[in-house]
Each structure stands twice: as C-alpha cells, then as structure tokens.
Amino acid sequence: MNLLMMFVAAIFVQNYVLYYFLGICPFLGVSKKIDSAVSMGMAVTFVMTITAVVSWMINHWILIPYKLDYLQIVAFILVIASLVQLVEMFIRKISPPLYQALGIYLPLITTNCAIMGLALLASLKNFSFLETVIYGTGSGLGFTLAIVLMAGIREQLDLADVPEPLKGAGIALIVAGIMALAFTGFSGMIN
Amino acid sequence: MQKKTFHHGIHPPEHKHFTETKKLEPLPAPDKVFIPLHQHFGAPAKPLVKKGDEVLLGQKIGKSPVLFSASVHSSVSGKVLSVDGYAHPLGKPVTTVTVSNDGEDRLAPETQGHENPFSLSAEDIRARVKEAGIVGLGGAAFPAAVKLNPPKDKAVDTVIINGCECEPMLTADHRIMLEYPDDVIQGAELVRIATGAQRIIVGIEDNKLDVYKQLRQRDYAFPVEISLLKTKYPQGAEKNLIAALLKREVPRGGLPFDVGVVVQNVGTAKAVWDAVAHGKPLYERALTVSGSGIAEPKNLMVRIGTPFQAVIDHCGGLKEQSNLVVMGGPMMGLTQWTTQVPVIKGTSGILVWSEEKPAREYNCIGCARCVGHCPMGLVPTQLMKFIKYDALADAESAGILDCVECGSCQYSCPARIPLVHWLRLGKNKIISEKRKKSA
Amino acid sequence: MTDTGFLLRSSPHLKARDSVPKIMYAVVISLMPAMAASFYFFRLKALAVYLICLAGCLATEAVFLRVRKKPMSSLWDGSAVITALLLAMTLPPDLSWDIVLIGSVIAIALGKQVFGGLGNNIFNPALVGRAFLQVAFPVAMTTWSPPATLVIDTVTYATPLGNLKFQGALAQGTLTPLSDLFWGNTGGCLGETSSLALLLGAAFLLFRKTIDWRIPAGAILALGAFTGIFWLTSPQEYASPLFHFLAGGFILGAFFMAPDMVTSPITPTGAWIYASGIGLMVGLIRLFGGFPEGVMFSILFMNTFVPIINRYTRPRILGQRRGT
Amino acid sequence: MDVLLPILTMAVLGFLFSVGLAVAYQKLKVEEDPRMVAVSESLPQANCGACGYSGCRAFAEKVIKGDAPANGCPVGGSETAARIADILGVEAGEMVRRVARLHCRGDREAAKNRGRYLGLTTCYASHLVGGNKQCSYGCLGFGDCVRVCLFDALHMDENGLPVVNEDNCTACGMCVDACPRNLFELHPIDQNVLVYCRSLDRGPAAKKACKNACIACGICSRACPEGIEIKDNLAIIRDYKKIEPEQIPALEKCPTDSIGRFHKSDEG
Amino acid sequence: MSTKSLSAEYLKGLWDENPVFRQLLGMCPVLAVTNAVINGIAMGLAASFVLILSSVVVASIKKLIPTQVRIASYIVVIATFVTVADRFMAAYFPPISKALGPYIPLIVVNCIILGRQEAFSSRNSVGRSFIDALGMSTGFVLALLVLSSIREILGAGTFLGMQVMGSWFKPWIIMILPAGAFITLGILLGIALLVEQKTRERRAS
C-alpha cells in the first residue's frame, strides 16, 4: 500500500512539473501536439526509470561506501547523458518521424532537470531500491500526464483567439498555473 | 402505427401550409426559354444545335459526352436564338441554348412511347431513361441512368421511393404523389425492373397523411410497401432515409448500391414513367413557388429554361421589399442574385421572402447542439475551428468529407455561426488540394 | 458591400430561435432562487458580495473588450454576469470586499479573457477566481459565519462538511441534519446552502435543455457510487451518499458549473467520462483529501481533460465501421 | 588514496559509459548525408512549398537525390541556387526573376456587386456561393491572397484590389493557389504588357458587370496579330515576345483599359 | 564567429537575447526559487558563477575537444563548477542552501549554461565568451530579480524580508506557491512580447 501511495503521490500530488517545476523546457517545448507529447512523455518516463535504477546503484554501491557523495552531481549527469544518448540513437533507428518530431528536445532530455532532479531527490529522500524504481516511474508518468494534458489544451488553444503577445509560452504558463491550482485539490490526500 | 426515423436531425417549422392544398398547374411556356447545357451532376452536355436552327418540343439539343452527364432537350418548339454563356442558378454563367417559342409545341418525332413498358428489359429501360435526360429531381440532379445501373458485384434488393420532401415550404412532391400516384408507382416498378431489385418501399413523412392513406388503400400488382416516417429533417437525404427505413448504413464514402439499395425521388419516378411509357423527355418539372415574398404561392409544372421572373410573375409577382430569392428548399437552397436565371432540372422550388439585418454572430460556446443534431454523426463546431485555423488535415481525419451540408447544425446554432459555409469551404479546399496532388 | 440587391449567402436560410444571450440569461434566471435564498439566510452581506462581483467582472470584461477592440455589446451577452454570480455564490458571506474584488478580476482576466474571451476558455472562469482566492487567502476563505436564521454565539462556525471532516461530527452525532441541508439552514458559501433553491433552478435548466443532463447525472451517479460503497461498508465512519449530495457545493457544481457549455465536453460519451470523473474526485477529496470540500478542484481538474476527451470521444460517423 | 579514489571512480564510470555508447553507436547508426545539412542551411526555411514539395527539408532531400533542380527554390532566387549548385557540384541554370501579377481591374469602382453578400469574408467562401460581384470571373476583393503571402508582398488598395509589391515578391506562387478564380499568374518581371481581365462573358454582359472588362472588340489583336488573339470573348497574349514595343501604344487604345503596360509610366 | 562590438555583446543578454524572457531557457529555477528575493539573487549569482567560469574554460579549451564528445565534455566542466558552487553555498550560507534544495545542483542541467557553451563559447574567443557570459548572467539575474520581487511583494508583502506593504495588505499566499509562479511568469512573458512588438513597430515607422 505504501508503494502504491507513493506511486500515486508522484503522479498527482507532487507532480514534477506542477509542483517541483522540473522539466519545464520540454513541458513548454514539446506540448504543441498530443502525439509528440505522448512520445516525449514515454521517452522521459523510460529514461527516468532507468536513471532511478542506475543512479541508485552508483549512489549506494560506489559513492556512499567510499564517501564520495560530493561527486554525485558529476556522476549522475554522466549516467544521464549516456542514457539519453542511447535512447536518442534508439529512437532514431526505429522511428525517424518520431525523431524528427521530438527534434532538438531529445538531446535536451539530457538537460531536462526532471531527470537530474529525480536522481538527486531520490538520493536526498533516502529511498530503498524498490521505492526508487516506483518513484522514478511514477514521476515519469506524472510528467507524461502533465505534458499530454497541456498538449491537449494547447491544440485547442491553437483554435482560439488568444491575445497575440500571450500566444505560445505565455498562455501555456498561465494554463500550467491553473493546472497547478487544480492539482492542489490532491494535497493532503497522501502525506 | 410504428413511425420510422433516423438518429439526430431537426424539426424546423414546416411552412407548408402556403401551398399544400394548391393543385399542380401548368405554367404556359414563355416566349423565350434559356436552356443551360449543364443542369446536372457531372460533365456539361455538348450542344447539338446552333444559332438559327429550328427545334421541336422534346428535341435533343445537348448530348451527354460521358457516362456522368445527361442529355438536354428543348422545352418548346421554335428557333434557336443563340448558344452562348448565360446566367445560371448555380452562380457561374453556363453555355445556354436560347430558343424563341413559336407557341405551337410541335413534338419531336423521336418522342415515341411504348405500349407495354413492363415487358421491356432492364437494358431497354436504362437506355430510354438515359435518352430522356432524366436526373434526380430531388435537387442534387444526379443522372438517373447511372443510378439504374448497379455495378455487377453489387446486388440491389430494394428500391426506395423518396416521398419525404423533408425541406420546409416545398410541396411539389406532395402534390405529385397526390395527383399522379399511378405514374409514380409505375415508374418505381420500372426502376425496380431496371435494377433487378425485389421490392419497392415508398417512404412518406407523417405530415403528408393524405398521401399515405391514399397510397395504402390501393392494390398493387407488384411488391410495394408504403412506409410512414416521423417528420424530421433531413429525412430525404439518401443515407438517412436508408437508415430510417431499413436500418442499413451506407459505408463512409460509399453509395446506396453498397447496401443493395437504390433511392429515387417521387418526381424522378414519375419522369421515368413518362419517358418510358410516353417517350417524353425531361423538359418540364414540378416545383413550388412560395414564401412570404410571393403574392400567390403555387405548385406549378414549369418548362425547363423558363426564367424565374416569368414563374414569379405568374404567381402575382414579387412583393415589395423581398430581398431573398432561393432556388430549392430553405435548408439547402441557393440564393440568387437575379430573377433572370432559368428553371433547371434541379429546381425543386423558388422561394422568396424578406429578411432583416442578420443577428450578430457569437463565439462558439460549446453548447454541442450541432453535435446532437448532425445526422451524419460529425462534430461540426470542431470542424469549423479546424477550417478557420487552417488545420485541413485534422478536419479531414475528423470526417469533414462525410458532411452532406444539410444545415441542421447551423439551424440549431445559438451563436449563429455560419457552420455550413465553413464546412463547404473546408470540403472544397480539401478536395481541390487532393485533385492538385493527384494531378 | 452595398446594401442593394438580393441577399447572397450559403444555406441554410432558416434559424432556430435560441441565441447565446438567451441561453446565458436562462442560466441567470435559474440562479435566482438560490440568490433569493442567500439573501434570506445572509441578508445584506450577500447583496454586497453579489454587487462587488458584478462590478468587478463587468469592469474587467469591459477593459479587455476595449483593449482587444471587440464589440462592446459582448459585455451584455450574459456570460460575464454568470461568472460574477457563480463566483459570488462560492464565496463565504463574510469575505472582505477587496478579496471579493480581486477574485472577480482574476476570474474574468485569467479565467476567460487571456484565452480569447467567450467560448475559448479552458477552465470555468468563476472557479478559476474562486480557486485563486482559496489558495491566496486560505484563512479568509475558510472563515464562515452562521446564517442569520440560526442563533449561535460563536465567532467561528464550521460548514457541515468541515464539521464532518475536522470535528468528527459523525462520531459525536452532531452531523448536520439532512433537512437543514435541504432547506439551507446551514453555514457555507453564499449560494450553496439551500439545496431546494438550487434544485428549482436546475429543474428549469434541465427542462429548457440548456444544460446537458448527462453531466449532473454522471456526477451524481459517480459520487453516489463512491460514497455509497464506503457508507455501506462502514456507516459509522462515513456519511451517507445523500448527505454528500446535499452538503457543500455539490449541487451548485454538478448543475451549474460542471455543465458550463464552454468548458465541458461536446460529445455525449465525453460528457459521461467528464461527469463521472468529477463525481469520483469529489468523493476522493471529501473522504481522503486535505480539504473538506472538493467540488471546485474536481471541476477544474476535469476541465483540463476536456480537450483530450473531445478529441478521442468523437461520435461514430454514419456508415463508419466500428473500431475504425 | 583520497585523491586517487574519485579519479579512479570517474575514470571507470566514464570508460564504461563510453564503451556502451560506442557499441550502441555502431549498432544503431543512421547515415545522414552531410550535404543534407548544407543544403538545408542554404534554404530560406520559409517552408512555403513554392518548390512543389512539402517544405524546405523535403526539397533538400529531392535536390540531393537529383529529383529537383538546384534552382528549384524560387524564393531563394539565384543566390540560393548558386549555393546549392556549389554544394552539389552542378550547374545552377539561369533564373529569370518572376513576379505575381493580378489579371483583373474590377475594383470596387469598376465592378458592380451582385447583391448583399452575407457570408464569410474570404474570397474562397464567397466564390462558393457564386461570388459577391456580378462578374463571375473577377477579383472578389476579400484578400485571400494577401493573407497567404509570407513575404509581405501583397496588400489591398483602397479600392479593394490586391497590389503586388514587386520588390518583396518571390514568385512562390502561394497567391496563385489561394485565388479561387485563378487571377494570379507568375510572369517574368520584364514582361510589362498584360490582359487585365479573365471574363468570358460576351462584350455587352461583361461591360455591364465591370467597366474595365475585356469586351473582345479586337483592337489589340488587330494591332498585334502575332502576339495577341481573341478567344472565348477574351483577349489573350499568345506570345509576349512577339509584341513589338512600337505596337504597345496602339493596343493601349483599349476602350475598357483592360490591356496594357504594367506601369502606365513605362515608355516604349 | 560573432562580430558585434563588445558592449553590444554584453547588452544583448539584457533584452534582445534575454535568456528567460526572449529565449525561454532555464525556466525551472526561474519558477522554483523565486518565492523570495534573496533566493532569487542567490540562485542568480550561483548560476552566473557557473556560467562565466564554464564559458571561459570552454572557450579556452575548445580546440582540444573533439566534436563528438563536446557536449559530454562541457557537462563535465559545468558539473565541476556546480559542485564547487554547491559546496560553497552549503558551507557559508547554510539557510539559503537549504531553501534552494536540489536546485543548486540542478544548475548543471540549466539549458542557459549548456546553450551558451554550444552556441557561443565553442566558437568565440575567451574574452568575447566572458563578455557574453557576463551579459547573459546579468539578464538572468535581472529576470530572477523581477519575478522574485513581484512574488515576494504580493505573496508576503515584503522585499528582501523587509515589510514594504502597509498593514492593510493581505498577502496573496498563492504567489509564493507553484500556481502563482507559473501565472506571474506567463503574464511577464506576455508583457515582454508586447514591449518587443511595440518597439519593433516604433523602429519600423
């Protein structure tokens, strides 16, 4: 039950985008079309889960035993950079259209703070291995939910008379704000 | 009594009382008729006469060049004044044969009937229908011979005779059924023979109970079923009528053939009978002249090529301040900019009234009435937005090409958005883009 | 174009009578009984809140219309009036005027006009205003006063749902009686106290077919099912579905806010999904969440799903094979 | 040891990851033509589709395959063509600059309206219901062409006709496609004699609808029989090259001003 | 290769190429840590420190790095400086370090920093890169300052902890919460675009 709660909390209550402000760049950049948002969400969820696993191993088997935790930042970023590059190559191989749609944002997963944030937060919260995996997947799905909802809304706003200066990132941020308001409804549900 | 009907649709005020009880009366042929060579769905006919030629009533003056076309016949006897571009109810000028009427109605010799039409083969019936230039008289003007010729791999089991006349204000079909029931039913039988179907169903809406009762009381030598339908618009649309009567759904982008059905309008059925039994080509049709802008609304038999003005004059002329002239019904009819345009084969009515300044348009508020009323199951407001913001591919995948432009959405729209105009715009853009791509 | 000659336009040439302002004012009329009830229970305090909301919303709307060069007549299409009334109905009667004003400006500006005005907004404007205030001024927004018809000498007063959640009303047997909830003899937001008045207005809307019946029906069914299961398993721990239906802002939300045409799905299937989502979430928040009431958050939350729901629940096109 | 450990750790980690990446790189390699990048970069990236392909990237692909000519991008003009040709090592081919020109002079003054048009205010929409003007061939005046122009080369003048700003026009052809009545055509910039009418109505009818309509009187075709002919009630420039400069004043005697030099001030 | 004058190189970061308002980069910390002015400034300074030093280092070793591994190398350089900044903050300003939580280490993935290395430092001289980084940093700090001032003043009635609003003012708690951050930044972006549009129009006319 505890794990399930954690999973749900990671998706709704402490949503990476709407609560921690992590992964804003892709959240704004790849949320113009539902299809690419779904792909991006999936890619992020995938990378997040693996990152959670690998960073936990590095943290608990190498860094902590040898008291090297000040190397955390460098070590984690290395893991993430390599993983993202792998995923990038993989997508490019199996689906060139998807690769084109995700465009410059795929390499940007490297600099997606959601993933680095996950590695750091998981180590900060001292999760066990299983918890880390659940937390990673849940957070990834939370990101996916936020970005897909945002894409749906933005597709609709493409067909609306939004004031010129607010078009694009401006209105997207305001929508994100109201989404964050709506998600506060979940607060207190899981401590 | 179980009344059949289809899903969704609307029930606008009928306004049929103007002409419901008026007998069909023949309109005397005018001094000059203007017969366009393009009055049907498909390619224009090629002229067979030139300036100065003598023509007879019913003489073929335009020949269909390809399968999807229809021949055109003279509706008077007299002299050809010109073969040139002339105003047309569909908007763009069309090559038109102008004939001065000598008033004698000398019949062309080729108009020969057949004593026992039911003995004719399917082939013969089709040939005679094609020769007579018959098109669907409901309004779409689809060449009738094409409809009588189902593809080999598609067996037709049912002929539906469309007596719905679901458009408000129009009553010409109603009168035809009331006054020429034999012609209609016998024409239907010919259609049945030509298509190899087993049965005929005549669908009549419950606002024409007199017709229904009259047709029910008769005895028929062949399998005819008279079916009562709940009055609703657009029941007369082919696909909806098939759904209402047979619970069959014509597949998207398909034809009634695909579900073993042929649908013909009552006027077309009568024209088929006239052509096969009496050798009479399609040179006149029944139409309703109505609306608050007409002094004496009437149902008339009018020669093809008669200018609207002559028809309106016969009905007492235009009332002052009339500012809207529509060819067809009020839901799907086309506005006219001049009353000089001629009556064509697809003219089911001439409606005139006056209108105030149009009400203001609002943004779509998502009331979903268009969704609830669309007889095709589309989401008109979404399609409208796709077109408005140039997302043609989205519009296409959302099914815009299935739209039949019946106007149910726009009728019910409280924001008064010209939905049909948007959808027509989108359909045309998508189709022309496709054509460009395939070219 | 000149004004001479015949009219030229695309078909159809007939028009049903209903119009956007008529629909909007029907909603306004349907809110009248509940407004009257709030005047009765909260006296002049209620009137002040309504007036400030109206002034704030209409003024904000007017400013945006002017700046964006839209027809000023849109001000009176009724939509801003509805936003003002609905916002007022979700506020505590004692809220100070400046907070009410902030709420009404936010409702129109952030809830509606930044998206392009009427018809383009994603979220229910009144609820955006209300949620903004809830998060901005949590204390003021949860300070309730008893209705004028109750004689109680306390400064603070809990709503029936607050009572249930924080004071263990069920265990102590102090749960607000259903009859009080029905007539409105309880504390709470201005417009949500009297279920009877709200249901009268709702009946009018349903009769006039202004709102989609599926949405209140779906929300009630989902809330009933959710709270019903818990109530049946443990009635001493959980309140009955009927209590949840009558208490708090559920009726106001289910009949007047969730069915808001602009922010609810346009497809029939979509309406069911959306409504049951709201019902479920209200149950979740009330039973397990940190807030005693969850109608507002639930509707806003489901609003975010509407574009996607609309996209993936299109009706079947006539002749379309199932599954294609 | 304190210094060695971190260095060692990072070295091992770095080594492991690089090996992994290197292997993956070999397995999942996707070739991309370096010329692709170069060609793409030299294109204007307007994605207007004037080349006939769906955007600049598609065009670049075709050019590299040899399916499209190096000078196939009308927007980029000869400069881009030269650059692409340089990248691919082929001849660029001569490009004569072309511009869009409108074949109608039926402005608000000249052309009569049919009636009160109440539909959507776009040309295409108006065309669908037969148009708002009596002439069924002429400009509808709602500016669809202006809206599609990506290069700010079109605007509506005060009389409701679109005007081409030739300096900005790139001959991308968007206006040609956008006009529901096909009134735009791309012409070499130095061709300055045009027929400003597309009406196939007979003289009297055409004249009635628009005072600048071609009435097929034949003055121009008599002045220049080799270059101009009358067909279907309309003067047509069959071959511009056969119009001698000295013939131009004669054909400009057109009674309805429907043929003539592009700029009246041009001499000779 | 940039050919601007050095002052233009600096000034572009303030407005024309402002990383936050014009390029929409580095949004995460902008949103996350601007609930108080002090946090905003601390974050801005930390990021500036990393940006300037990384730019200088990258510009000076650009010829040594093979193109295939350049991103990874930049990241290692950046990560090193971030670690330094992180340790420094933790040692000397523990409360701020605590308030900023994981967002200081997250500077390592801030798109502004990597973006400048890729777009500028890897192609320009050390001096130019320094000026560019300085300009970008100033722009970033300014953006953080603007946002955090609005949020702190409205959300708490204070500026840098000092009471600036009268006692009549009721703090808008929402402003120091996520929702307020998003909405404020969204509106600021709109205003920035509007200003940009107007100046462009004025220049054109």
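Here the chain labels run A, B, C, D and E in written order, and each chain numbers its own residues starting at 1.
We take it that a contact is a pair of C-beta atoms (placed from the backbone, for glycine too) under 8 Å apart; a residue touches a chain by one contact, two chains touch by 3 or more.
Worth saying up front: this structure is predicted, and the values here are computed from it rather than measured.
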List every chain that touches both chain D and chain E.
A, C
Average the CA atoms of each chain to get its centre, and name the chain whose centre is farthest from that of chain A.
B
Chain pair with more C-beta contacts, A-C versus C-D
A-C
From chain D, which chain is the farthest off, judged by mean CA positions?
C
Chain B and chain C have mean C-alpha positions lying a whole-number Å distance apart equal to 49
Could you state the distance in Å from the CA-based centre of chain A to that of chain B?
59
How far is the middle of chain A from the middle of chain E, if each middle is the mean of its Cα atoms, in Å?
21
Could you state the distance in Å from the CA-based centre of chain C to that of chain E?
41
On chain E, where are the residues touching two or more other chains?
174, 177, 179-180, 183
Multi-partner residues of chain B (at least 2 other chains):
323, 334-335, 337-338, 363, 418, 421, 424
Two-or-more-chain contact residues of chain D, please, as numbers and ranges.
114-116, 118-119, 125, 128-130
Every touching pair of chains is listed here as A-B, A-C, A-D, A-E, B-C, B-D, C-D, C-E
Residue numbers on chain D that touch chain B, as the complex places them:
114-116, 118-120, 122, 124-125, 128-131, 134, 136, 177, 200-202, 205, 233
Note: in the complex, chain B contacts chain C through residues 10, 12-13, 168, 239-240, 243, 249-252, 254, 323-326, 328, 330-338, 351, 355, 359-360, 362-368, 371-372, 375-379, 381-382, 398-399, 402, 405-407, 410-416, 418, 420-421, 424
Along chain E, where are the residues that touch chain C in the complex?
170, 172-175, 177, 179-180, 183
Under the stated contact criterion, what part of chain A meets chain B in this complex?
158-159, 161
If you look only at chain B, which of its residues touch chain A in the complex?
363, 385-386, 388-389, 391
